[in-house]
Every structure is written in structure tokens, then in C-alpha cells.
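The first chain written gets the first letter, and so on, giving A, B and C; residue counts start at 1 in each chain.
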Amino acid sequence: MIKITNVSKHYGDFKVLTDCTTSVSKGEVIVVCGPSGSGKSTLIKCVNGLEPFQAGEIFVDGTSVGDPKTNLSKLRAKVGMVFQNFELFPHMSITQNLAIAQVKVLGRSQEEAMDKGLKLLDRVGLKAQAAKFPGQLSGGQQQRVAIARALAMDPICMLFDEPTSALDPEMVNEVLDVMTELAHEGMTMMCVTHEMGFAKRVADRVIFMDQGHIVEDDSKEEFFANPRSERAQQFLAKILHH
Amino acid sequence: MYEFDWSSIPGALPFLWEGMKVTLVITVQAVLIGIVWGTLLAMMRLSPIKALSWFAAGYVNLFRAVPLVMVLLWFFLIVPEFVGQLFNIPRGTDMRLSSAMAGFALFESAYYSEIIRAGIQSVPKGQISAASALGMTYAQAMRLVVLPQAFRNMVPLLLTQGIILFQDTSLVYVSALADFFGAAYKVGDRDGRLVEMLLFAGAVYFVICFSASLLVKRLQKKYSTA
Amino acid sequence: MNYQWNWGVFLQPSASGDDTYLGWMFAGFKMTIGLSLSAWVIALLLGALVGVLRTVPNKVLAGFATAYVEMFRNVPLLVQLFIWYFVLPELLPASIGDAYKQSNPVMQQFLASMICLGLFTSARVAEQVRAGIYSLPRGQKNAGLALGFTLPQTYRFVMLPMAFRLVVPPLTSEFLNIFKNSAVCSTIGLLELAAQGRQLVDYTAQPFESFIAVTLSYIIINVTVMTLMHKFERRIAVPGYIGGK
């Protein structure tokens, strides 16, 4: 589904990503973790072309992301993405947020889009909030709407960029629950997150990144039981002792 | 097609320079008075004494509601008459330069006062609390903590306002006072070369203001990284 | 000081005979409003366009927009006005230039003033629009793109509607400025409010009344515009964001 081969990216002399290679198959759930500044957010943004990269190749569903001839908008419409800061559109009501891309990008009718949006809203438990505006919801609620908004596009896979790091602790679980459910339904997911509990429960594989390198790429059992690199051991020790 | 003839410019340069001196004198004094009087107005505006605060608000809002041209006309056509009678200045004395200076200084103070007030308010309230917690008086907190930070935020805006003021001085044209623009217009009108003189004046203003704004930008960068 | 106040002067028939001095003032008032509003339309349209261009990734377009803004910002309004009024007709091809010079002089003054004020203000509007777009969270653009919007769609549906709301308060002050700046157009003989004020002083010999009336008119315009814009701001405010933020 997603194939990343030898991807490198730099800003001037500063290397953000070096030779990253990995892949995600259909139905797989991958958790990407690592210290801040390790390049994990950059990597996931390369997957749908939000960040350009200078070397290597990324294929999503057989389409090359780095190819200048690729219609990125078309590709992105098939790839759902959830952001750290939710990024709902503040000037639109929740239903409008859910419908707009369906109508303007996929060409669905307004009713069809509304219908689909409301169903998904119900699924994330927020049907009652349909008429409100993003600024009137809590962070956890906003993030659930953002997930529903991405799902409304019928994506072939979902990218999560630290979906819970901007949330107050008591709201983290409501978002993780939605993600877990999604994983159980067989959605292909690539998640940048520090939530190791989520990784343990749901992930098929864990990728650990440090200073722009993919240091570990293992099954979760292998990763948590005996991480090979010293950096990963230190990272796990720090994060699990909290 | 129009045929340009720039030949009257070189001979006119000394006269234009005299005009530029008038422009600079008005600009510099208005900036200085504007900042001093503007600071006082800003402090009055923020003061807990209602009368002072109302006076400052009224002053600032009045001057900001009225066009500069209108203010200058007051100062050229009406105020001299009034002041002349009050102080027994003989009729026909040329008070245009002093009128222009007074008009610009009082008008610009209103704008400077708003910049300075915003600068003071841009410093987080917690800074005063922190200073008080260290045992400083309100005056000490203002002088040692708030104003230095406010000033740092304000410098680029104060300078930019100075550039705007430099451009605005051309409006003394309404009193036929020969500032740089007035001088250029007079020469162009006399020699029948208005097209060339106006373009030349525009170019001179552009070079000066654009360079000055680049300097302000550089200064701003230096300040924000320091 | 002995000044003879005479507010009744406004009701006296004017020197032109067919009107009162109050009528002169009202004519100036209408001219100021008409000129400012028409220039504002130009300023908004061009300013929004140039402001957006300043933020696009295309270097040539962004460079052009920057040059546009710098040019109008660094030459005094009065000089720009004189260039539009005195210089431009000379530089046009002879046939167009002559036709223009033979047209109605009031029309000439009005056109030059409207174009001048419109373009001058458009550069300032552009700066506000650019600042508004830059003040949006960076993730908004990414979120739009990630949903499959093209860049123009992302501007249209995601960034501009929000930037527009952020920009209304600073644009209000540009809107107020255009009324004030229109007084500069009295210098080329356009009979707007300030010019009528000057005429009133000459004809009535009641300088105080004349100038107080004109100054008050400007204050009335100022207060009216502020009130209307404040109402407008509240109407477009986004629920859950303080003051439309």
C-alpha cells in the first residue's frame, strides 16, 4: 500500500531524513515513534506529498509521490490525514467541515455528503454537535471530528501525525478509542505517536526514528521485548517510566 | 509621443536642496516632538486618573478622525490669524514654517501615542507582577522592566511612522511653502517641465523611503534575534 | 479678540447664486463620499489580489506583487496624485491623451483621484491581506491540501475565508484612511469637502464656522464608518472564537 525507498530530505545543510526505507501493507497498523526532531512527522508528511523530499521514492497505491507529473491532489483525496492541532476549518460548522471536501473534491452531492458526514459523526459519538462550530468543541471532540472528516473521503489508508499530543490528558483516550476501533476494522494506518499503550494494543509493527534515520523497524513484540539499538532502549525507558 | 527633457534638473538642484532642508526640518522636529508628546499622551491614556485618560483619548481620537490636509489648513489659514492678534504679531508676517511645524507635531503625536500605548500594552501583564514580586515599586517596574521591552517592540514602528511622516510633509504644498516637493513643482511649472520634475521628485522620494524602510527591516531583524 | 460668529451664513445664497453655502458643503460631502467609495472598491479588489500573490510559492508572481507594494508605499500620495493628473495624460499616445485632456475637467480630476487613491490604498490593503494569510496556523493549508484540495481551492475554501475575517479590523482603519486621504485631492482642484471648506472661507469670510463645519463632517464620516464596520465585524464573527478570531 505504502512503499518508502531510500528517502532523504534536507534543508540546506541540515539533514531531516536520511535513507529511510519501509513499507506498509494493506490492513497493517504501523506506529512511528522517536524523540522530537527525529523526523517522524516529516516522514509521514512526505507520504502524501505535503513535504517535498530530494532523494528516494515513495509509492502510495502504486502512484509515485515524488514524480512531478503525479496529480498530488488526487492522491491526497485517497489518503486520510489527521493533524496534531486538529486543523478543522474554524469558519465552518461541523457538518460543513465534514461535507466540503466531499463536495468540492469528490464531486458528491450536498445531500449525499451531509448524509455520510452525519453517519461518521454518529460513529465518533458526536452527532449532537453537528450544528456547532469547531471553536465550541473541546480538543478531544475536535480531533474526533477531524478523524470523521478524513474518513468521509473513503480513504484507502490513514496517516496520523501525533493526533493526541495537543490534547489534555483526560481527552487522549476518547481519540485513541476511535483509532483502535478503526484499526480493528482493518484500516491501513500509519501513526506518529508517543502513546506506547496504543502501540502495544493495536500496532502490527513499530518504527523507531532518531536523527532522521529509521533505527528500528520491527514487529511490536520484538520492539517492546528487546529493542536492538541503545537509543530505542533509552527512549522506551524514559517514556514507559512515566 | 512625449519627448523628455531633463536638462532643467541639474541647474535646479541647489534650489531643490533648500526645499529638502525644509522637508527634513519639519520631519525631524515633528518626530521628536511627536515622540515626547506622544509618550505623555500614552501615559495619560493608561493612567488611572479619569480626567487625564479622557483628555488623551479625546485628543488622539480627534486628530485621528480628521485628514492631515484639514489640520494643516487650520494651521495655515486660521491659527496664525488668531495667534497674530493674541500676540500682536504684525499682519503679513510669514508664519507658514512655524505653522507647518506646529500642525505636523500636534497631528503626529496622536499617531505616535497609539504606537507607544500599544508597545506598553504588548508587554505581558505578568512582567509587572513578577517585578512587584521582586519588591519593585510600580515606577521601577515601568522603568526597568516594562519600558525597555516596550521600546524594543516599538522602535521599528516609530521609525516606519517617521518614513510616513517624511512623505506626508509634501502636503505643506497646500500653503505653497517650498519644501522639496513644493520646490520641484515650482521649477517644473516655471520651465514648462512639470512632467520631468514630478517624476524626478517621485524617484527621489522612492529612493529615500525605500532605502530607509530596508534599514528599518534590518534593524528589526537584529533586534528580534538579539 | 473680537470675532463675529454667524452660523446663519450657511443658509445665505452662495456666490454662484443658485445655491446656499450649506449646499456647497453638501456637494463637497457627496464628492468625498463618492470618491472614497469608488476608490475603495478598486483598493479592495486589487489589494486582495496582490496580497494573495505575495504569499504564493511562484517567485515571479510574488516578486511582482512585492514590487507593486513597495512602489506605492514609498512615494507620497500627493506626488502620486500629481503624476496621475499631470504626467500620465502627457505620456499616453497623443490621440488618447488629447481626447482625455478635452474631456470634462471635473471628470479628469475625479478619474485621476479615484485611480490614485484606489491604487495607493490597494498596496496597503495587500499588506494587510498578506499579514492575515500569514497569521493563519500553518497546518490549515496542509489540512486543506491533505483533503485533496488543489492550492487554489485551499486558498478559496480554507485560507481566504478565515484570513478575510482576521483582516477586517485592520481594513477598517484603511477604509477610514481613504476618506481622510481623499482630502489630498483638493490640491488638483477637485471640489470635495476640504476644497469646499477653503472656498467657504474665501467667500463667506467666516473661517471658523466654515472649518468647524467641515471638520465635523469628517468626524461624522469617521464615526459612521466605525459603527458600521463594528456591526459588520460582529456579523461575520466565527462562533467559539473571540471577536471573530
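Throughout what follows, contacts are C-beta pairs under 8 Å (C-beta built on N, C-alpha and C of every residue); 3 or more make two chains touch, one makes a residue touch a chain.
Just so it is clear, the structure is predicted and the values come from calculations on it, not from any experiment.
Asker: Quick one: which pair of chains has the most contacts?
Answerer: B-C
Asker: By mean C-alpha position, what chain is farthest away from chain A?
Answerer: If we average the C-alpha coordinates per chain, B ends up farthest from chain A.
Asker: By C-alpha centroids, what is the most central chain here?
Answerer: Of the chains present, the most centrally placed is C.
Asker: Could you grab the centroid distance between chain B and chain C? Build each centroid from C-alpha atoms only and quote it in angstrom.
Answerer: 21
Asker: Could you state the distance in Å from the CA-based centre of chain A to that of chain B?
Answerer: Whole-Å distance between the two chain centres: 53.
Asker: How many angstrom lie between the CA centroids of chain A and chain C, rounded to a whole number?
Answerer: Measuring from centre to centre gives 47 Å for this pair.
Asker: Spell out, as numbers or ranges, the residues of chain C touching 2 or more other chains.
Answerer: none
Asker: Once bound in the complex, which stretches of chain A touch chain C?
Answerer: Residue positions touching the partner: 45, 48, 50, 72-74, 76-81, 83-85, 87-91, 100-101, 104-106, 132-137, 149-150, 153.
Asker: Given the complex with chain A, which residues does chain C contribute to the contact?
Answerer: 137, 139-140, 142-150, 153, 157-158, 161-162, 165, 238-241
Asker: Can you list the residues on chain C that touch chain B in the complex?
Answerer: My answer: residues 1, 70-71, 73-80, 82-83, 86-87, 90-91, 93-94, 176, 179-184, 186-187, 194, 197-198, 201, 207-208, 211, 214-215, 218-219, 222-223.
Asker: Give every residue of chain B touching chain C within the complex, in rising order.
Answerer: Touch list, chain B to chain C: 1-2, 62, 65-70, 73-74, 77-78, 81-82, 85-86, 163, 167-168, 170-171, 173-174, 181, 185, 194-195, 198-199, 201-202, 205-206, 209-210, 213.
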